[in-house]
Amino acid sequence: MSEYFGNIKTGAVTIASGMGITLKHFFNAIHRKGDAGVDEAGYFSQVDGLCTLQYPREVIPTPKNGRYRLYNNIEDCIGCGQCDRACPIGCIAIETIKVAPDDLALCGKTSDGQQKKFWLPVFDIDVAKCMTCGICTTVCPTECLVHTPVSDFSEFDRSNFIYHFGNLSRLEAEAKRRKNTELQAKAQAEKEKKAAEALKESKA
Amino acid sequence: MEEGKVFSQSVQQSAAAYAIIHEKFGAAVSAFDANETMPFFEVLDARLWRDIALFMRDHAKLKFNYMACITGMDYQAEEKLGIVCNLESLSLFNHKLAVKVKCDRDGGFIPSVACVWHTANWHEREAYDMFGMLFTGHPDFRRILCPDDWEGFPLRKDYKVQESYHGIKVPY
Amino acid sequence: MTSTALSQFSIPFLMGSSLNVWSEALAGFNLFGLPLGLVILAAIPLVFIALYSLTYGVYGERKISAFMQDRLGPMEVGKWGILQTIADILKLLQKEDVVPTSADKFLFVVGPGILFVGSFLAYAVLPFSPAFIGASLNVGLFYAIGIVALEVVGILAAGWGSNNKWSLYGAVRSVAQIVSYEIPAAIALLCGAMMAGTLDMQKIIAIQSGSLGFAHFFLFQNPIAWLPFLIYFIASLAEVNRAPFDIPEAESELVAGYFTEYSGMKFAVIFLAEYGSMFMVSAIISIVFLGGWNSPLPNIGPIALNDLTNGPVWGAFWIIMKGFFFIFVQMWLRWTLPRLRVDQLMYLCWKVLTPFAFVSFVLTAIWEVYVP
Amino acid sequence: MQELDTAGLGSIRVTRKNDHTVVIEKDLATEQMVLAMGPQHPSTHGVLKLECLTDGEVITQAEPFLGYLHRCFEKCCENVDYPAIVPYTDRLDYLAGMNSEFAYALTVEKLLDIEIPRRVEFIRVIVAELNRIASHLVAIGTYGIDLGAFTPFLFCFRDREIILGLLEWASGARMLYNYIWIGGLAYDVPSDFLKRVGEFVTYFRPKAVELCNLLTKNEIFVKRTMGIGIMPAEVAINYGWSGPMLRGSGVKWDLRRNDPYSVYPELDFNVPVPDGKLSVVGDCLSRHLVRAFEMEESLKIIEQCISKMPATEGFNPRSAIPKRIRPKAGEVYGRAENPRGELGFYILSDGKSTKPLRCKARSSCFVNLSAMKDLSKGQLLPDLVAIIGSIDIVLGEVDR
């Protein structure tokens, strides 16, 4: 019999204490917790209250080193392809054209003075496949490929997820390729001429 | 234990456990490979694997009552499939040991130890699902992760992905 | 609303404060011989029912649950999300009304209808103010207890009709629950009726009126009255499938219980029937134990608070406020407690509530007979 | 005694007694309903399908079906080199990314046998324990929802949001970090990160007590979970259970204590095991209690790590990371104590390539779930939901 009444007593007591907690939260609902980020000093001194952030209007605090949208500062990119090899998913596509010796100056240098040896007509990152692991940003020698803390980059059309960072238009790229093929053809012709002369001398 | 190299305490415990097994099963059990990261021995005669398992679990000084996992393996060089079982004695002797059992590539049989450790039930189904070695005496033997009518065994080294599954293009 | 009802009860209460003067003038207002004032007076509670149960009950629940859980609740539609429920109803209106092919079409359609009607039929007998009562039956309380059972038919039709395993579970559970919780509920209300000596809702409330305000309420008249009050409150929770007893539509087990297959307006009908019956049950408990439209404020010497705050329109205010208080407690319980299992539910009903209901019934009888 | 024909619906026996009383015995064969608690169900914690044979509310057999979230983790590992597998291990148990990375990094470091700086070890323990608390908060919150209590879930996720913020501040991502690399860390923790973690510990303690009063002590919660899904200790070991499940059955086995790794031997924390006073040993409630008390232990560990943390001058988190990770030929089975149990990695390397020859993940939820078939025999449907909630499965780790 005592177990029967004990059951009812503990039931009533625990339900009452549970309801006390929810009522305390209900009456505390007049305060709203601030929207400070965890990286700000006063985060834990904010008042305890409703902690909803109304997303489109109030922005969700992300720290400066957040790893979200990829960005490639193409001027600094030397086209080495390290990031393409390191990416576990392989969502980076790079095409490079060797810079002809005479327009090295035209191609320019990276911000820290390194001479760039490749044109970059195509540097595509398929952000839909990217899992923001950040390995490409760590292997990049000139650190031009970085993650920006912009966490909301949703698109309506899937093809917009392929980010094009290449800095050559198709025509320029065509021109550069033709120039390279000519150079190669000339170099090839010289080599044959030299080989033919060497052959003649060896015979003579 | 040929060289005089001093081994860590856990490897010595495993060696002691191996000695008891070797003494009972003799030839059916290969030499003890005392490497630091995972000491193991191989069961040469696969048909005895279930008896060895029962012996390891119930022997007074062994008491391997906890099976951590069974890993399916594809030894392409030796044209064999195999499993690696990590066994451990929980809260009794605290020693660990790994056991390897091999069977030939096509239509190979390994006796199932699902009746010795319940963990083996699903692990063996997964090993079959991924590698295709058959486990005799398994209570409920079918694929676990892939769909039942999937062709081929995905984790084999010579596995070619099927072109389409129920009309859905498979290669990504 | 019949004019006799008005004359029979409102005259003694029309005297006194300004609110009464205003409502009396409105009552007397005639347009081309048509008693327009009476129609307006009658419309107020009906508008309230439609406004409350269709919109602000749902909005209130979402806001109260949000505040209890450190959330904001709906804020997008309207100033503080006020128009949220209207937006919901419009959304549900334009949703396709899917009737599953293998469903039993007639039962599937009729189920929500019976459910909605069952929960709103009891409003006919609720006295919203001394001047207004839908139908002043002299067996009002008996009718209210009886009509609640109609919901069971609606739930069973909906559950069985949608030919879905989960709904079948939900429906069968709810039949067991509502039918078995009728007994402690009825006995607890019987204690109230015993104290009043009549089943007529108006008379029950009239007996509880007096200059001392809340002292006249049955809850304080009888030392044991808190027990039937508590029993009826718990049993009423179970009857409207609320809080710890929402087993028929247990979201986490039965997906959505008996209304899994419903979408569009049928879902809205079931959803609002629940809120309708929530208010109905709170109104009954406040009528029987807390003196429906009587104001709880006592007359303290010269300041005649009680007389100031009584009268036809004040009456409607008081009963609605008491109803809202009990609805708040129901919501408060829902967002605190986990759900009972079916067999624990039956244990609570037959092993705890019913015996205590009989005990309180006997004690009230002793109190009524021996103590003048 | 006369047998009536019921066209195969069971037997009806009518016996006439001498005083004209008639006794009718009926045992009609009621058909068992197959109920697919399918991959899309509110309380299966992910895409798990349970095919239940139900006789009324009682379940005679519940057969789990897996594979809906199988992403061929082991096949991917064979085509990607060692450091690039780390982001894949986050996606195994996506509620405890740090712990999974920790287990993988430990295993490969055993193969490489390189020496890890002490500060790296302490940072790893702090972020792993923070992730354990976050994972337990999800487990307790969703367990409350399974039984109908919505409010504790919201309190749990409000506090978990702070932990995710802290981990995002340290590693850059909220849930899938790629932070613990093989041999070190991706970045050092920001300057006043440790102070903020200390503030979090003092902030969270009263909140945990409030959560305990609201849910764990609630009589209805206790009635719904006590004495349900009882698993005795030996059978739990035989099923290969680990983590809170094994400790819930009364076996005092915690890898941080029994097979110590990293700096855990230097830290003192006790391993909570139910003693039968608050709950029946081995039932759903004791598994829940183990998780609740473990959060308190994790807070203690974090506090000790903050006090013992070496200074940061001249510390480079990537100092011990070899240029090309090409481990020697051999195989290793390394493991760590994940919030859901023992996550083990078996790695076979042939010494020549930078890609593992075979990398198997021994997932704790996969093994804990295998006992579901026997655990759910003869239970009621609502109890089946309570049992699944207490096993606390994450389908990412079950299906790999």
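Order as written gives the chain letters A, B, C and D; numbering starts at 1 within each chain.
Just so we're on the same page, a residue touches a chain if its C-beta (ideal position, glycine included) is under 8 Å from a C-beta of that chain, and two chains touch if they have at least 3 such contacts.
Only a predicted model underlies this, so the values are computations on that prediction, with no experimental measurement involved.
> Could you tell me which chain's Cα centre is nearest to the average position of every protein Cα atom shown?
Of the chains present, the most centrally placed is D.
> Between chain C and chain D, what is the gap in Å from one C-alpha centre to the other?
Measuring from centre to centre gives 44 Å for this pair.
> Starting from the mean Cα coordinates of chain B and chain D, work out the distance between those two points in Å.
Result: the chain centres lie 24 Å from each other.
> Find the geometric centre of each of chain A and chain C from their Cα atoms only, then give the gap between the two centres in Å, rounded to an integer.
Chain centroid spacing, chain A to chain C, equals 58 Å.
> Could you say which residues in chain A touch two or more other chains, in rising order?
Touching at least two other chains: 15, 18, 21-22, 25, 51.
> Provide the list of chain C residues touching at least two other chains, using ranges where the numbers run on.
Correct list: 68-71, 335-337.
> Scan chain B for residues touching two or more other chains and write them down.
none
> Taking chains as nodes and touches as edges, what kind of graph is this: line, ring, star, complete or other?
other
> Who touches whom among the chains?
In this structure, the chains touch in these pairs: A-C, A-D, B-D, C-D.
> How about chain A: which of its residues touch chain D in the complex?
Touch residues, chain A against chain D: 7, 10-11, 13-15, 17-18, 21-22, 25, 37-39, 41, 43-44, 51, 61-63, 65-67, 86-88, 131-135, 138, 147.
> How about chain D: which of its residues touch chain A in the complex?
Its residues touching chain A are 76, 80, 83-88, 91, 151, 158, 161-162, 165-166, 168-169, 171-173, 176, 178, 186-187, 190, 192, 196, 199-200, 203, 210, 213-214, 217-220, 222.
> Which residues, counting only chain B, touch chain D once they are in their complex?
35, 37-38, 65-69, 71-74, 84, 86, 90-91, 94, 98, 117-119, 121-122, 130, 143-147, 154-155
> Inside the complex, what are the residues of chain D that reach chain B?
Going by the criterion above, the answer is residues 66-67, 70, 72, 74-75, 110-111, 234-235, 237-240, 251-253, 258, 330-335, 342, 344, 346, 348, 358, 360, 362, 366-367, 370-371, 399-400.
> In their complex, what parts of chain A are in touch with chain C?
4, 8, 15, 18-19, 21-23, 25-26, 29, 32, 49-52, 54
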